[in-house]
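Following are the structures in question.
In the two assemblies presented below, chain A is common to both, partnered first by chain B and then by chain C.
Showing the complex of A and B:
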């Protein structure tokens, strides 16, 4: 028994040359991004922080919803839970412990939701997730009412902008590493099959419910941790803010804009969207909901596969063009007069 | 006793909005997450009509129904049909519909915010007590219930005693087979979707008589309507009506005994029970 386990572990960390290269590039980018606060502390840092914040949320959303096609509309529920755990405990416990507790609370909620909805297929999960943030908000408000605490809570700790930025960066790196690891594990493979055809997955002996629940728990835990990290930055936590449906919506938009079938896809959506969002909220503060909805529809209708899909289409087209051009060159002998001279010129220039 | 009567009155009013969603989801097979926003739009329209004219909100329904019908017809034609054409499978269509109507719901909220602002609205119509079995109840609740019952009965009769209603039911049972007996499925689905939207908006007009509402409340009603439709078994309109009463009772029980702020929790508890015990709903057929 011990032997195959060791072997499979070995296989899991054995990297191909291409993977080693991607990892090295990712590590370089990580270091470069980590240096941002040393260069700038003002506006640039705040934009970079927003980008990291949404990257963490959108990427963890994609971990589950990308391969399975189960659209989760409940990011705000988990995010808010994480925030509330910190807000409630900040007077009693040290902050790092609270982050751990927030992760546990998010995971616990995800287990309950997952076990209830993911055993039956598809659409029930979406419906359940649609109202989940509102449900948790109602329960929180009620609990505060019963316990007699104020509805708004202050989270005041000593933490600089730079520290917040690095915490978010570390979280994002962990999400990417876990996502990468899932992608090459049996679990990731099972999820891709589920996303393609759940019936096939069941018939090939995959425990679909278990795979879905595990991934949903991982994804939601990260959303809760993001909430825990964000709590001190917002400093005043209130149910309507913590469980805002806007957040769930933004996360879905960004992930879709980027593309959900690659781990780094959401990143390509987060960057343009964060910049666009800055523009919208600065210039049309009253119409944000309307403009957000319109942007979302444009994305769903015009770029269903996201920026990644556009890029891959463009690459494929370029390759095809190059191939057909290569074919023409090879068959140069059969071409007519003007084409022949053109080809000759081309060859001499490339020679 | 209080709980039962208020619950039944509320459930009867819910029945209308749930029938609207049932037409959209059960017949046209479009998962419409913007359904609740249509309901809130109906409520806002009634509010605007009532405060402007002081005439009975029931007259507002006469205007709201055709307007919502046209709007929903346009939504189906412009937004949904391209998705139906593009979809390679039912699953793909479902995902696209969820995303498309989810975006639409935010657009509708944005439009309502732009016109009416973000504050809570309510108006006072028939706010006097009526005595049933010696206990006082709001006359507006009773009026809304009666209006809903009349509209539900009309819709039920139309579905079961006209040719158009028959073709709607045929599409609900099996779209592929319906097209074999020369029913134009796309047209019928558009009709069902538009009618569903109109019925939902009428439900909103009735609910506005006794509820306080604001632009962001739509999602709650979408959820309630969805839970009712699923509880009733998606393709069965009798199930929808019975489920609406169950939800009305459950909500009123929680609101009276625990806390009025927890109405959604009641709906979720019901939802959990359906999922765990009978995912196909009360009147649904178990898929193999």
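Showing the complex of A and C:
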């Protein structure tokens, strides 16, 4: 007997009621977001496109860096590789094939880099990842020089803004699905253990190097695909733009602003950040970097745990207040509960 | 070599050097299945180093370590865990971002025996019950007392159903009441027939728990036998207390 597909899929992944609900909500949001180009074009579409672009990058960054606490500044290296695969191949091959090649190139680079560097941790990894992006950029510049091309390459294909938007949306959806799947898999659990205490992870039987490399490859591949999708939009690709360290920093800041311990955390950082960036660059075009820097400082001081942290604190606070109120009624006295939670609130605000 | 008991762990002529320092020198011993072996000796005698060699945290400079005949000397720690050796740590190690239940589950997913999903949850919950924390599953580990953290760590080590369990000063730092509880817990494991190596300073625990003892001093074995025998040994007393005329 053959089971209906949905049923056998459901059995394979064993969804709980809550998960089915969240998936349904996610699907609805996806459809709503997909309709944006139909109701608006121009300015709103371009902002929505930016948001999707950074969501794809920040979420895929978080897949690896969130659970492991390895801060990677190499996003630009993989993004740029993806862009360059498209730029070099656009005259020779169809665009969809190039996207696939970009993914493979990003994955290959990530395997090499991962095997070489994931044994170093902490600040050494951060510095290495930053250096990597710079190294790849220099190699590209040199290659272009040797090959005798111009300082940049043109990527001219026939693609509308709407199509770009939908491509980014599809990519983002895939990233979320993969992230969700990892989160409930053994691999995701292994990564969380590694992020908490690598010694315990090793002695619990986890091949930590392999787990980290797999996640790093997944995360980097998505950055490369994002680069491949973005190449035609930028139409002129040169090393300083494709491998801009600024992009790597932006991605990290957005992810941290949102929160890296939830899959949807980075999204909550990307949206305000993109809007803020629009506001700043529209009104103070000459002072963007300055204002951006000031904003970063404020973010770090005021919401160190990201928007997700703020939300969860608020929820916890509310629950505690409700609980202690309930306890107060039940016990018929004792002001310690609410006072304590107020104190805790005051403390956490000043922490 | 025919013998009545199966040998679980065979340590043969193991030496570990750190540069010029010899932490463990030509140490040999065997651990039979279902046996509880005590590894004792003064501070700095190489006990924890030996535990680290068995669990793969360190690689021996020379010698062999066999787990049911399989040479594991120099094999990586995660592979050794896969093969069936689990351990606790001298200073308790928790996974602070995970709940108590997840801390226990962490030991049962990638180790010697692997579980996942509901089976894992049930198993971890049963282990929590076993170590005396039946209702703590959803609690944050940072909220636990020291002895309770030790319980969680023990449950995590048991979660992979290890062939050999290494307890590195698991009783250290407990107050007298907690100590009683702790000893009772390990006694239970002993009754169950677990194969265990214990490094411990608490002598009455050694007396009541261990079938046999190895006494180390300055990296070498100075005595071996039942706890009663070794603790009466003149050389052992000298290693702990110094010379009689000192």
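The rule is simple: the second predicted complex is superposed on the first by the 312 of 351 C-alpha atoms of A that agree within 3 Å, B and C clash if a C-alpha of one lies under 4 Å from a C-alpha of the other, contacts with A are read in each partner's own complex, and residues count from 1 in each chain.
Here is the rule we go by: a contact is a pair of C-beta atoms (placed from the backbone, for glycine too) under 8 Å apart; a residue touches a chain by one contact, two chains touch by 3 or more.
Predicted, not measured: the structure shown is a model, and the values here were computed from it.
S.K.: Could you say whether A:190 touches chain B, chain C, both of them, or neither, answering first, second, both or neither?
M.R.: Second partner only, chain C.
S.K.: Where does A:297 make contact in the superposed view: on chain B (first), on chain C (second), on both, or on neither?
M.R.: Touch partner of A:297: chain B, not chain C.
S.K.: Examine A:206 and indicate which partner it touches, taking first as chain B and second as chain C; both and neither are also allowed.
M.R.: After superposing on A, A:206 lies in contact with chain C but is clear of chain B.
S.K.: Looking at A:156, would you say it contacts chain B, chain C, both, or neither? Reply first, second, both or neither.
M.R.: Touch status of A:156: no partner.
S.K.: Of all residues in chain B, which touch chain A in the complex?
M.R.: So the residues of chain B touching chain A come out as 31, 33, 79, 82, 86, 91, 94-96, 98-100, 102-111, 113-114, 216, 219-220, 222-223, 226-227, 230, 258-259, 261-265, 267-268, 271-272, 275-276, 279.
S.K.: Write out the stretch or stretches of chain A touching chain B in their complex.
M.R.: Residues in contact with chain B: 69, 71, 73, 116-117, 120, 122-124, 126-128, 130-131, 134-135, 138-139, 141-142, 145, 245, 249, 252, 256, 286-294, 296-297, 300-301, 304.
S.K.: Can you list the residues on chain C that touch chain A in the complex?
M.R.: Contact set of chain C toward chain A: 55-57, 76-79, 81-82, 86-87, 89, 93-98, 102, 105-107, 109-112, 116-117, 156, 160.
S.K.: What part of chain A is in contact with chain C in the complex they form?
M.R.: Within the complex, chain A contacts chain C at residues 14, 186, 189-190, 192-193, 195-197, 199-208, 261.
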